[in-house]
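Okay, got some structures for you below.
Below are two complexes that have chain A in common, paired first with chain B and then with chain C.
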Partner chain A sequence: MFENTILLLMVLYGVAGVIYFIRVLLGPTVLDSILAGDCVSLDVALIALLIAVYYENNLLAGGAFFLVLWAFVLDIFASKYLVKGEVGV
Partner chain B sequence: MRMIELTALALLGCLGLAYLVVTERDLLKAVLYTGIFGGLVIIATYTLMAPDIILAYVAVSVALSTGLMVFLVSKTTREEVV
Partner chain C sequence: MILSLIGTLLLIVGAVCDIFGAIGMHRFGNFYLRLHAATVGTVGGKFYPLIGVGLIALDRGLLPIAGVAFLSAFTLLITTSVGSHALAYAAERAGVVKIEHDELGGDEDD
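Let's look at the complex of A and B:
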């Protein structure tokens, strides 16, 4: 029962990821695509945490936190590029 | 259950994303596709039970590589001219 619930949640988050990715493809502006790509990365982190719960392994859960933390760097660089026209490092 | 189906799905998605990265004309969207490509590789690596690779791969693939490519796009034109 517990494993079936986790598998159902993974399928639901996968469907949500597909819908986010359709928005990435069809986004009218590039800002919508970037926001949807950010949502895809958070979705991937949730699926990774569900895999960690499914395998009952606490070492697998550490990578998901790094994914959540590092996914914002692309947004920061892209927004600096869109506002200023250049990325000053 | 070893979730080999999830690995196959993630790698199939990687193949489609690689095609999108090559054929996209807007370079900023191509960089975004590269980040999502990294996310799918992370799912495949998770199902193959390699958490120590992910700790380095997330930082390089999702953050450093895409940030460096946005910096590169800012030095050139955004639309690809053939």
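Let's look at the complex of A and C:
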């Protein structure tokens, strides 16, 4: 039962990620795209962990933590360059 | 068994929060409101599901996956608020949204 539920949840998180990705493409400003890109990257991390549980493979889980860190680094560096005025909105 | 049940419930609640956050990213009108939707989608839609994945992995004896899931959840809880504040500060400095009363400007304009 849990296997089918995990598959269904992967599809649901994938649908949410696709809706976020539309905002990445449509975003009127760079900040909107960055915000939606964070959510997409965290969604991908969660789906990677779900796949690792589904296939019971420990090696698949390693990349998820780096995706979480990547979202944070993207926020901080984009904010830094926007505040300094080196990149326009 | 009970850990898998709790984890699956957390995953289902998180999926609902995530989809609501994704819809809110399109329904809300300006950047600050979208920041609220993204926070709902991040804390409700990723933090709780990561705890749920950790519980399911614990129940199945997959200890490395459980460790990565709990560590990711803890990191996410700390870094999301910091990143959201940084983005909001950058948006205010860059003048993305017109606001009538600038409370973030402090006493410099008085």
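Things worth noting here:
Quick note on the criterion: the second predicted complex is superposed on the first by the 85 of 89 C-alpha atoms of A that agree within 3 Å, B and C clash if a C-alpha of one lies under 4 Å from a C-alpha of the other, contacts with A are read in each partner's own complex, and residues count from 1 in each chain.
Assume a residue touches a chain if its C-beta (ideal position, glycine included) is under 8 Å from a C-beta of that chain, and two chains touch if they have at least 3 such contacts.
Since the model is a prediction, treat every value here as computed from it, not as a measurement.
The larger set of touched chain A residues comes from C, when the choice is between chain B and chain C.
In the superposition on chain A, contact is made by A:33 with chain B only, not with chain C.
In the superposition on chain A, A:62 makes contact with both chain B and chain C. By the document's definition of touching, of the two partners only chain B reaches A:51; chain C does not. In the superposed pair of complexes, A:12 makes contact with chain C only, with no contact to chain B.
Once the two complexes are laid over each other on the shared chain, residue contacts for A:41 go to chain B alone; chain C is not touched. Of the two partner chains placed by the overlay, only chain C lies in contact with A:2; chain B stays clear of it.
Once the two complexes are laid over each other on the shared chain, residue contacts for A:83 go to chain C alone; chain B is not touched. Common to the chain B and chain C interfaces on chain A are residues 34, 52, 62, 71, 76, 78, 89. Taken together, the chain A residues at the contact with chain B in this complex read 10, 21, 24-25, 30, 33-34, 37, 40-41, 44, 47-48, 51-52, 54-55, 57, 59-60, 62-63, 66-67, 70-71, 73-74, 76-78, 81, 85-87, 89. Every residue of chain A that touches chain C in the complex is listed here, in rising order: 2, 5-6, 9, 12-13, 15-17, 19-20, 22-23, 29, 31-32, 34-36, 38-39, 42-43, 45-46, 49-50, 52-53, 56, 58, 61-62, 64-65, 68-69, 71-72, 75-76, 78-80, 82-83, 89.
Listed in rising order, the residues of chain C touching chain A in the complex are 4, 8, 11-12, 15, 18-19, 21-23, 25-26, 31, 34-35, 38, 41-42, 45-46, 49-50, 53, 56-57, 60, 62, 64-65, 68-69, 71-72, 75-76, 79-80, 82-84, 86-87, 89-91, 93-96. Interface of chain B with chain A (complex): residues 3, 6, 20, 26, 28-29, 31-33, 35-36, 39-40, 42-43, 46-47, 49, 51, 54-55, 58-59, 62-64, 66-67, 70-71, 73-75.
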